[in-house]
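One chain, subunit A, appears in both complexes that follow, with subunit B as partner in the first and subunit C in the second.
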Partner chain A sequence: MTPELGYAATVVAFGLALYGSIASAVAGRTGRTALVQSSERAAVGVWILVTGCMLLLVYAFLTFDFSVRYVAINTNRGTPFYYRITALWGALEGSIILWTWMLALYTLIVVVQYRRRHPEFYPWVLSAMMGIAAFFLLVMTIPAPPFERLTPVPPDGRGLNPLLQDSGMITHPVALYLGFTGFTVPFAFAIAALATGRIGDEWITITRRWTVIAWYFLALGLLIGGWWSYHVLGWGGYWAWDPVENAAVLPWLTGTALLHSVMIQERRRMLKIWNLTLVILTFSLTIFGTFLTRSGIIGSVHAFSQGSIGAFFLGFLALVLLTSFSLLAWRMDRLKAQGELDSIFSRESVFLLNNVFLVAAAFTVFFGTIFPLLSEAVRGVKVSVGAPFFNLVNIPLFLGLLILMGVGPLIAWRRASADNLRRNFLMPTAVGVAAAVIARALGIANSLVLLCIAAVVFVTGTIVLDFLRAVRARRRSGDGWAAATLGLLRRQNRRYGGFVVHLGILVVALGVAGSNAWSLHTETTLGRGESVELGGYRVRFDGLRASEESNHFKVTGTFTVSNGVGSRDVLYPAKKYYAQEQNPIAYVDYRLGLIEDVYLVLGDFARDGSQATIKLQVNRMVSWLWLGGLVLTLGTGLAILPDRKKAA
Partner chain B sequence: MKRRAKFIVGGVFILGALGYLIYAGVSQSVVYFVTPSELMAAPVSGKTYRLGGMVQAGTLKWEPKSLDLTFAVSDGKTAVPVRHKGTPPDLFAEGRGAVVEGTWTADGHFKAATILAKHSEEYKAPDDGAAEPGYKELLRTLQGSSGK
Partner chain C sequence: MSGSTRWGRWAIPLAAIPVIVLLAYGFRTDPRAIPTPLVGKPAAAFRLKTFDGPEISLEGLRGRVVVINFWASWCYPACYEEAPVLERGWRAYKDREVMLVGINIQDKEEPAKRFLAQFGHTFPNAPDPAGRVSVDYGVYGVPETFFIDRAGRIRAKHVGAVTDAIFSANVDRLLAERP
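And then the complex of A and B:
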């Protein structure tokens, strides 16, 4: 029953979404309010139906309904309870449901929030969002049906990919998809602005918070993905420039550019075409990412299934790009900038440069990712470019962006006077340079790390300087320290939220630089009782034991880790044997620390337990990435607080 | 006009720098995808290749003490001898697909820097996997050895 019900719900939802999209577009042209209300009801209907689909699939997972192919492949009777729920998005079909559901939810929020506001935009926004939802429902109907039947019904399922049986996999896709789908809202408003010809700054003001939230979830999704890669995959890294990772970072880069460039439009009425282009690009890149990862056209370590789904996404991508840029070209005459760049030394120029760097980074990542395709098409040679390419090209760009991060928020609009520059940047620059000199004296020789330290200290200096000045100004009007600080954060939450986000990025940057420069690793085979030393740690192999767990069989090593200061710890890296996998999966054990992590992987072992081959790593400053994510969260929270002026 | 010219010069400079970075990046890190037959037809020592094929049955040797891993990657016609320093990855075995990245050496073997085992997502009946590595026996030998 479940498969039929689910399929029927999908088809009806597709019909409703298509109807709603067309009806609200007609309403947008003719102004017939009855049609708008009708498509609102369709939007609510779509959300209810997609929620129904999701619950049906969860129900199928919880009841081990192996007549549903997706359930049979992604779970088995041994799969623990919560992984049977998260198995929902463990593979393609289910992730598309999750995506569609979030999109339907966002549409519902848009309906609730804006039905009485922005009557010119609203029908078009609804039309765009429901059109996109219709596409995803079409995908759920034809190339990736989650409710496909499996006959004969197997007695047990294959089971969820063991690598996905991890807490990171519960949250990573959710955060990532909230980010991806979140960009639909600013995109829909941009389309509405183009369709109505109201291409002032209204759409930007309305969608600012949406863009920030989408950007934040995408950042969070990327960081959780890094954490998953780090503690599950057993190679000790968090980022590999894999096509799948690149696909997720592309919209983040253009989204970051968008967040900054809209400020120029708000303030100076410039960059109108550019902002529309960025929002179109960002949304298109979320679709492109799915195309890239799901079409199997680029080899990736992430094993994803292939099929006709690639063609669907490519077609939709072409439709989105064609429609959006045609609209843009049609409205070109109304998009003339009202301001212009006065000087290279101005906030506009620095923000523009920030955009150039971010888009350049996005372009190089895009280029590197599709390079194998380009090369094969042009020269007929199968080649690829690996991590060295991405690092070489992006390190200068990101270092540049770090420095701009310090300059942008403080430099004057229009034209910075020599006095403005001196007042804001002399001290931070001096402190940044001094920090690098001190770091060099302390024995840090890596020039990239030194540059990174200088940039980070410089930016921190500008933020602290600006904040202290502002607090002091408020103190003069009689506030105490605490009241002045809190009042400032509350009153200028957008500015200081942005600053806190910047600080989060700085912490992540230090983590990236430090972990790349200072991490140590070794690989060795130890007999029982033997030990190996690395980075001041001594790791002794004490023995192996075997055990049977609920859905797998496990061989666990016992290793005693001691450092020179007498602290001792025992690590238990293991190998897990799942019936559905041909080979064992390594289970990493680690001790996280602020400065360094001890990270131990059990490689190979003698069947009598007398010896074990291990990979031992002392990874430095990796925790700063996760800490940076925390700071990023605080900053975003501050930045999206409701406006105080309007509320009062 | 003068201001405009400045911005254009700046833009051209940035584009030029970016173009150079991409060019340098590509030429430094380009990796050629080859099959064993393609590689053996014209091996160039020092060039980075990504070699894909099957791990030939009967060729896999692994020395835990020295971490020396040797095997041959074959496409059914030609086999390439590969040497690697390190533990074989989890999904790596004879008769299984593998992709190795590394360089061809002048003394006639492929020096692998990384090994990627091919992972399949095909549906597989759940009960025939249990027979493979002989878990039960492993459980016995390990429990016997740990003395518990």
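And then the complex of A and C:
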């Protein structure tokens, strides 16, 4: 019954979404409110049906209902309880359900929040969002149905991909998809703005918080993905410029550009066309990302080629790009900027430069990712560009962005006076240069790291300086230190939330620079009792043992790790053999530290336990990435607090 | 407004078209065509005990065209899709100096036997309990099928479910060669 029930719900939901999209577009043109209400009910219906589909699939997973093909492929009787729930998004079909459900949820929130506000925009927003939902439901109906029946019903399933049996995989897709789908809302408002011709700042003001939230979840998803890659895949790194990673970072780059450039429009009535272009690009890139992951057109460690789904996504991508950019071209006359750049030394131009850098980075990543296709189409050979290309182009761009991060928030609008520049930047620049000089004296020779340190200290300096000045100003009006600080954070939450996010990025930047410059690694074969030394650690091989786990066979090594100061620890890296996998899965063991991680991977071994090959790494400052993520979370939380400035 | 700007604005949506065309071109390429260095090399020898009892070895099949199929009972759907294809191929070619051998890897005996019974396989199938044969052949995932010529050289490798067309095209090609 389950497959048929789920499939029926999907088809009905598709019909409702399609109807809602068309009805509210008609309402947008004719102003018939009855139609708007009707499509609102359709939106609620879609949400209920998709929620039902999801619960039904979860139920099928929990009860081992192998008559559902998706359940049979992604779970087996040995799969632990919580992974049977998260197996829901362990493969393509379920991920699409999760995506559709989030989209339906966002649509519901939009209905609840904006039903009585922005009556001109609202029908068009609803139409765009339900149109997009209809596309995803179509995918669930034809190329990737999660409720396909499997006959005969097998006694046991294949089992979830062991690499996905990890806490990182529980949260990473959820965060990433919240980010991807989150950009639908600003995009829908932009389309509404274009359709109605009300291309002022309204759509930007309404969607600012949505953009921040989507941006944050995307950043979080990327960081969790890095964490997963680092502690599960066992190659010792967190980012490899793999096409699928690139696909996720692309909308993040354009989304970051958008977050900044909308501020110029709010303040100076400039960059209207640009902002609309950015929001269209960002949304299109989220679709492009899914297309790239699922079409299998580019080889990747992640890619799973899946029949016709690629064609669906490509068709949708074409539809989105052509429709929205045609709307933009149609409205071009109304999009004249009212302000213009007065000086190079102004906040506008710094923000503009920030946008140029971010979009250049996005373009580079895009170009590098599709380069194999381009080269095959033009020259007939498949050539991939790897990390060296991406690093070469992106490192200077990101360093530039770091410096702009310090300049942008403090430089004056319109035209900065020499006095403004001196007042805000003399001290931080001096401190930044001094920090680099001190670091050099302490023996840090890597010029990239030195540049990074200088930039980070400079930016931190500007933030601290600005904050202290503001606190002092409030102190003059009679507040105590604590009251002044808290009051400032609360009243200017958007500004200081942004600063905290910047600090988070700085922490991540230091982590990236440090881990690339200073990490050590070695590979060696040890006999029992022998040890190897690396970075002040001594690792001794004590033996192997084998065990039968609930859904796999496991060989575990015991290694004693000691450092010079006499602390001792035992690490247990292992290899897991799953019936459904050809190759054993490495289970990394590690000790995380603020300064360095000890990271141990078990390679080949002698069956009698007398010898083992290990990969040992001392990874420096990788933890700063995860810390940066925490800071990012705090900053975002602060930035999206409800505005109190007007109320107070 | 001058004519050029009125039409120039349509450059933005038009710019999207080449990108889409390039992405569409990607469908023509086949990421599944994983090259194997083993093609053209002599196939590694093996000696395995079949599920039915008798031993089978590559050495004993010299002079015939040999098709080796690596499979597992948990390999759904590809192994299930190709199972009838293999049996059909076997029945069509078994009297023409062709041998088909199924090698069951990373599996348990019970479900593997059920799989064989379900599809009524009549060609020899053997488990590879130590995984040695699959390592020798560089098997990356199941199913994979190797086509070996009369001289014992690997001539083609197919990743994923074989179809009737793929099976007969490869076998016919190798049969046509005189030893």
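Please note the rule applied: the second predicted complex is superposed on the first by the 643 of 648 C-alpha atoms of A that agree within 3 Å, B and C clash if a C-alpha of one lies under 4 Å from a C-alpha of the other, contacts with A are read in each partner's own complex, and residues count from 1 in each chain.
One rule holds in what follows: a contact is a pair of C-beta atoms (placed from the backbone, for glycine too) under 8 Å apart; a residue touches a chain by one contact, two chains touch by 3 or more.
Not measured: the values here are computed from a predicted model.
Under the clash rule set out above, the superposition-derived model of subunit A with subunit B and subunit C contains a clash between the two partners.
Of the two partner chains, both subunit B and subunit C are touched by A:73.
Residue contacts after overlaying the shared chain place A:158 against subunit B and subunit C alike. Judged by the touch definition given at the top, the superposed model places A:237 against neither subunit B nor subunit C.
By the document's definition of touching, both partners, subunit B and subunit C, reach A:579. By the touch criterion defined above, A:200 reaches neither subunit B nor subunit C.
Contact with neither subunit B nor subunit C is seen for A:637 once the two complexes are overlaid on the shared chain. When subunit A is checked against subunit B and against subunit C, the one touching more of its residues turns out to be B. By the touch criterion defined above, A:535 reaches neither subunit B nor subunit C.
Across the superposed pair, subunit B and subunit C both touch subunit A at residues 72-73, 76, 154, 156, 158-159, 303, 305, 382, 579-582. On subunit A, the positions that touch subunit B within their shared complex are 72-73, 76, 154, 156-159, 301, 303-305, 341-344, 356, 360, 363-364, 367-368, 371-372, 381-390, 392-393, 396, 523-525, 543-548, 553, 555, 575, 577-586, 603-604, 606-611, 613, 615. Those residues of subunit A lying in contact with subunit C across their complex are 69, 72-73, 76, 150, 154-156, 158-159, 277, 291, 295-299, 303, 305, 310-311, 314, 317-318, 321-322, 325-326, 328-329, 332-333, 370, 373-374, 376-377, 382, 579-582. Across the interface of their complex, subunit A is touched by residues 1, 9-10, 12-13, 15-17, 19-20, 22-27, 29, 31-32, 72, 74-77, 105-108, 111, 134, 139-142 of subunit C. Contacts from subunit B toward subunit A in the complex involve residues 3, 6-7, 10, 14, 18, 21-22, 24-26, 28-34, 50, 62, 64-65, 67, 86-88, 90-93, 96, 101, 116-117, 119-121, 123-127, 129-130, 132-133, 135, 138-139, 141-143, 145-146, 148.
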